[in-house]
Amino acid sequence: MQILDQKISIKGVIPPMVTPMDTNGEVDIQGVEKLVEHLISGGVHGVFILGTTGEFSSLDIAQKKELIAATCKFVDGRIPVLVGVTDVCLKGSIALSKFAERSGAYAVVAAPPYYMGIDQEELCHFYGQLADSIPLPLFLYNMPSHTKVSIDVQTAVALSKHKNIIGLKDSSANGSYFQSLRYYFNDQPDFVLMVGPEEMLAETVLMGGYGGVCGGANLFPRLYVKLYQAAMAHDIDEIIRLQKLVMTISQNIYRHGGYKSSYLKGLKTALSFSGIIQAQFAPPLFPFAPNEEEELKARFSKIASMIIE
Amino acid sequence: MQILDQKISIKGVIPPMVTPMDTNGEVDIQGVEKLVEHLISGGVHGVFILGTTGEFSSLDIAQKKELIAATCKFVDGRIPVLVGVTDVCLKGSIALSKFAERSGAYAVVAAPPYYMGIDQEELCHFYGQLADSIPLPLFLYNMPSHTKVSIDVQTAVALSKHKNIIGLKDSSANGSYFQSLRYYFNDQPDFVLMVGPEEMLAETVLMGGYGGVCGGANLFPRLYVKLYQAAMAHDIDEIIRLQKLVMTISQNIYRHGGYKSSYLKGLKTALSFSGIIQAQFAPPLFPFAPNEEEELKARFSKIASMIIE
Amino acid sequence: MQILDQKISIKGVIPPMVTPMDTNGEVDIQGVEKLVEHLISGGVHGVFILGTTGEFSSLDIAQKKELIAATCKFVDGRIPVLVGVTDVCLKGSIALSKFAERSGAYAVVAAPPYYMGIDQEELCHFYGQLADSIPLPLFLYNMPSHTKVSIDVQTAVALSKHKNIIGLKDSSANGSYFQSLRYYFNDQPDFVLMVGPEEMLAETVLMGGYGGVCGGANLFPRLYVKLYQAAMAHDIDEIIRLQKLVMTISQNIYRHGGYKSSYLKGLKTALSFSGIIQAQFAPPLFPFAPNEEEELKARFSKIASMIIE
Amino acid sequence: MQILDQKISIKGVIPPMVTPMDTNGEVDIQGVEKLVEHLISGGVHGVFILGTTGEFSSLDIAQKKELIAATCKFVDGRIPVLVGVTDVCLKGSIALSKFAERSGAYAVVAAPPYYMGIDQEELCHFYGQLADSIPLPLFLYNMPSHTKVSIDVQTAVALSKHKNIIGLKDSSANGSYFQSLRYYFNDQPDFVLMVGPEEMLAETVLMGGYGGVCGGANLFPRLYVKLYQAAMAHDIDEIIRLQKLVMTISQNIYRHGGYKSSYLKGLKTALSFSGIIQAQFAPPLFPFAPNEEEELKARFSKIASMIIE
């Protein structure tokens, strides 16, 4: 197995890979293989497994390890694999990070512990202990809607002094916050700032961001890669054209059914229409009702026909 | 080992037991034994381990199992042991529940999955799957400040139809919510409604509640037992007298230092002054600075002298 | 017009009076008169106009003055009139307080300025300026769900040193918070602590509170007065019996239709069934649809028949 | 007085004008004149008075009218004047809108009523009533952090059908939300979408937005105008250069002192250093302590020297 040089900093479109599941509630290894090939052939610059989109919180440790091992095996060093190790328990994050390293992952990604409310000081302490204890570089993961705590810009700046902390993925959707990060990290070009919401990929790259962790790239990897390239090339007309497609996906697939979990349900179900994965979820999520699925299928077909990858 | 009859419904003061830790970050088994004896000799009606106060989210599975086994062994059937099995992963909750059953626990307690935002429908689905899959009766655990979702009164009513769901612990501190539960469960006296914040123990018992999960009972178990008894006896003068002591603890120990985690830091550190446990925590928490600890000690001594148990 | 002695501190059931409106969107003066008589004959210990239940935020200054003058005239010194002067603009609060004083009101009530997010220091400053500038005693009004800021217990303690600040109405529904107030004000029996949610009237009076600002007392004033008296007498059996009726109102009238404004819509519409007021609202609220109203009427009749005042 | 053609849709940099106050707590008319000249000579495309930055909520009606009349007089038709008429009371918004029209304003701007929690349906109803009743075109103003309700994209789409509703100012800072607006209004180029946070001006204009309501433009109007022009011209290098200055202001002036109100305190105090206004505020805000002000002055001088307008 080929190991990537972690000195080369990551950039571009890194899909937060959904976790293919089967009807028994287990990881669908065949689905993982198909999805990895689909993404790599779409030109993505890396994959991020076990993020929020990957339902990390709903999987047990054995399933997480299975997914890490399978993904690294199928990717086989062609692109960097980032592994989510977010856990409320520090020991759990460390153990998973070590497994990720042995499996050939490029880096790990961790959101703050998300049960107890904690202060920035406790947050710094936690990330410091984690970064000290793991054999892979670490991305901070700002996800305040889920973790109840936002990584303050000054906390991120302080943590970036740790040689093992190499970047931050911001899923807050807060444009002012992201620009504040950009401002403070202007002199640290090696510290990688990725944006979570795909609706903001183009603008943040235009303004100096490094790329995005775009859920929709599970479906249409090339579309997001093209959008990234257009943003890197400052090709505004092309950006506007592609952004419209990205928004069409976002508005039609991710809000379907009006569930709090519509994003995940819509994304995985749409991906099942292409035969790459099954529309299966880990609890507490469950599939759409048949009529909901049918309606989504009609929407998806229309969108797919608009996108000639 | 003696097994308790789960038909006898639980009532009274059930301390959410802190988890004694040592300086290596492991469960301090000797501390568990001392704490169990301290609580039982104080007259508590049960213990609840691996709750929020027990830092459940910060422990790994091995530590949780060690704590469950040790607690059940030391308690040895003298009082019911309730085990927190809250987990973002259903499989994890089920596995821990099975272990708790084998260890001799009386029941399990689970808060909603706390990472993803979910709807009431998904919440019902999740609790139904959990209750179907475990060999012990289940308490619902409402903790919206930590889980971001409140168990709607109607959701609780629907779930109470499941024969394996036997009660609800409400830690919302919302008096109107608790009274709504009381109203809807008026005709189901077997469904146990316990209140979380100890500041509300007396009033909820007066109004027909079943007791409380009082963190301060780790420190002064007999005080809370007496308060419960006074409330059961409708002895308002005694209630007012004891409530003042309970509030003195709450206002002086749980806010010390102004941390988000002051409650836990204050409670465990105060308990260390009696030599029962060490002032050690699982990450992300860490001990008070020496001067903070010294100041707390002075406060604690003053309070302890006010309480002649 | 008779003026009440403000030295006699207020206690008991103080309904937050709804504001009777006509179909032209103006204050219905005849409705005010009928409602005042209904409340006084029901035995209430005061009335609080221009609170949240009184739709204060939706009325203009002329309407507020009209309501203050009419209420004071109809009450004619028989019970204390408390006037809500909550305003985002300090000058507005002061002007209305002066008008209230000239009209014969007993005291004013003010929630924090509710547009800008402010600190406790700014809150202290604001309340200090207000209390310095008005000719009537002032009640603080804690309403964090609407104002986005909670009056910290220590802020309330500091403000209580002002000779013109005589009490606090807490509508947070947080039982722990209310007990903290009780604890810190234990030695200041003249500082009046009233509770907002009527579901918590009985328990807070049992625990030493001074009474409640009960919306339902607009409908059935005598019921809430009896509940208050039972709580003062520590008559738990009677409390339990009356509490059930109070909860029946709360669960059946205030949640009707599932609107965010269901409490206000339900309360005023139910009151219209007795012919005391019209089911009219100030914008942004609007009446129930006819079928919603019809269903509420059926519920209300059933409840009314349960309550023999 | 010259009246602008409201058919010409507004674009560019529209500073949310601070309200100059004197030491007596009254509007400083001389300050208004100086500020208007400062802004117009800086090339701004309009001014927006009585927004959040204009402390609208802290002023009484007489002060608001005085400010409207003075601003319109001093502007004298050279640029459009937008007037904030946000009020919890519909009648208040209508009355102020009529006054604005008589004074020569171009349009009015209204955030949702911000005391009661309301639904989207109630929000639509409210905005419909307002738009029906006023003689000027209306901008919706999305400000969820202050109003507790976000204007759903679909609500905005529905309201845009009203001929009197001509645009939306979004101060949510949520980049995904703004892109959703852009997507749905793609076919309605006359519906003006302005962004609130100045940190997001460049990126939203690059992506097709119409401009920004930039608080910092009170200080350095030309800087923001240049940034807008660079964004319109797709001149990324110039954008990056100017954005750095904009962020320097944002990070050094608006967070000074760590108050919740630091933005407003910092902005007005910095503007006082140029002698244009006094560092005076309407309650509940109050000036910085002398040492805080001194420190800000040092920061401001440094920034001013970096910006050669």
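The letters A, B, C and D name the chains in turn, as written, and every chain counts its residues from 1.
To be clear about the criterion, a contact is a pair of C-beta atoms (placed from the backbone, for glycine too) under 8 Å apart; a residue touches a chain by one contact, two chains touch by 3 or more.
Which protein is which chain? UniProt says A, B, C, D = Dihydrodipicolinate synthase/N-acetylneuraminate lyase.
All values reported here derive from a predicted model rather than from experimental measurement.
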Margin query: I need the common contact partners of subunit A and subunit B, sorted by label.
Written below: none
Check: Between subunit D and subunit C, is it the same set of residue numbers doing the touching on each side, over half shared, or a different set?
Finding: same
Checklist line | subunit A and subunit C: spacing of chain centres that average the CA atoms, whole Å | finding: 49
Checklist line | Distance between chain centroids, defined by C-alpha means - subunit B, subunit C (Å) | finding: 35
Item checked: Contacts with two or more other chains, residues of subunit D listed in rising order -> none
Checklist line | Partner subunit C, residues of subunit D touching it in the complex | finding: 25, 52, 57-61, 63, 88-92, 95, 113-119, 122-123, 125-126, 129, 145-146, 148, 259-261, 264, 282-286
Next item on the list: Spell out the part of subunit D that touches subunit A in their complex, as residue ranges.
Entry: 173-180, 182-184, 186, 197, 199-200, 202-204, 206-208, 234, 236, 239-240, 243-244, 247-248, 250-251
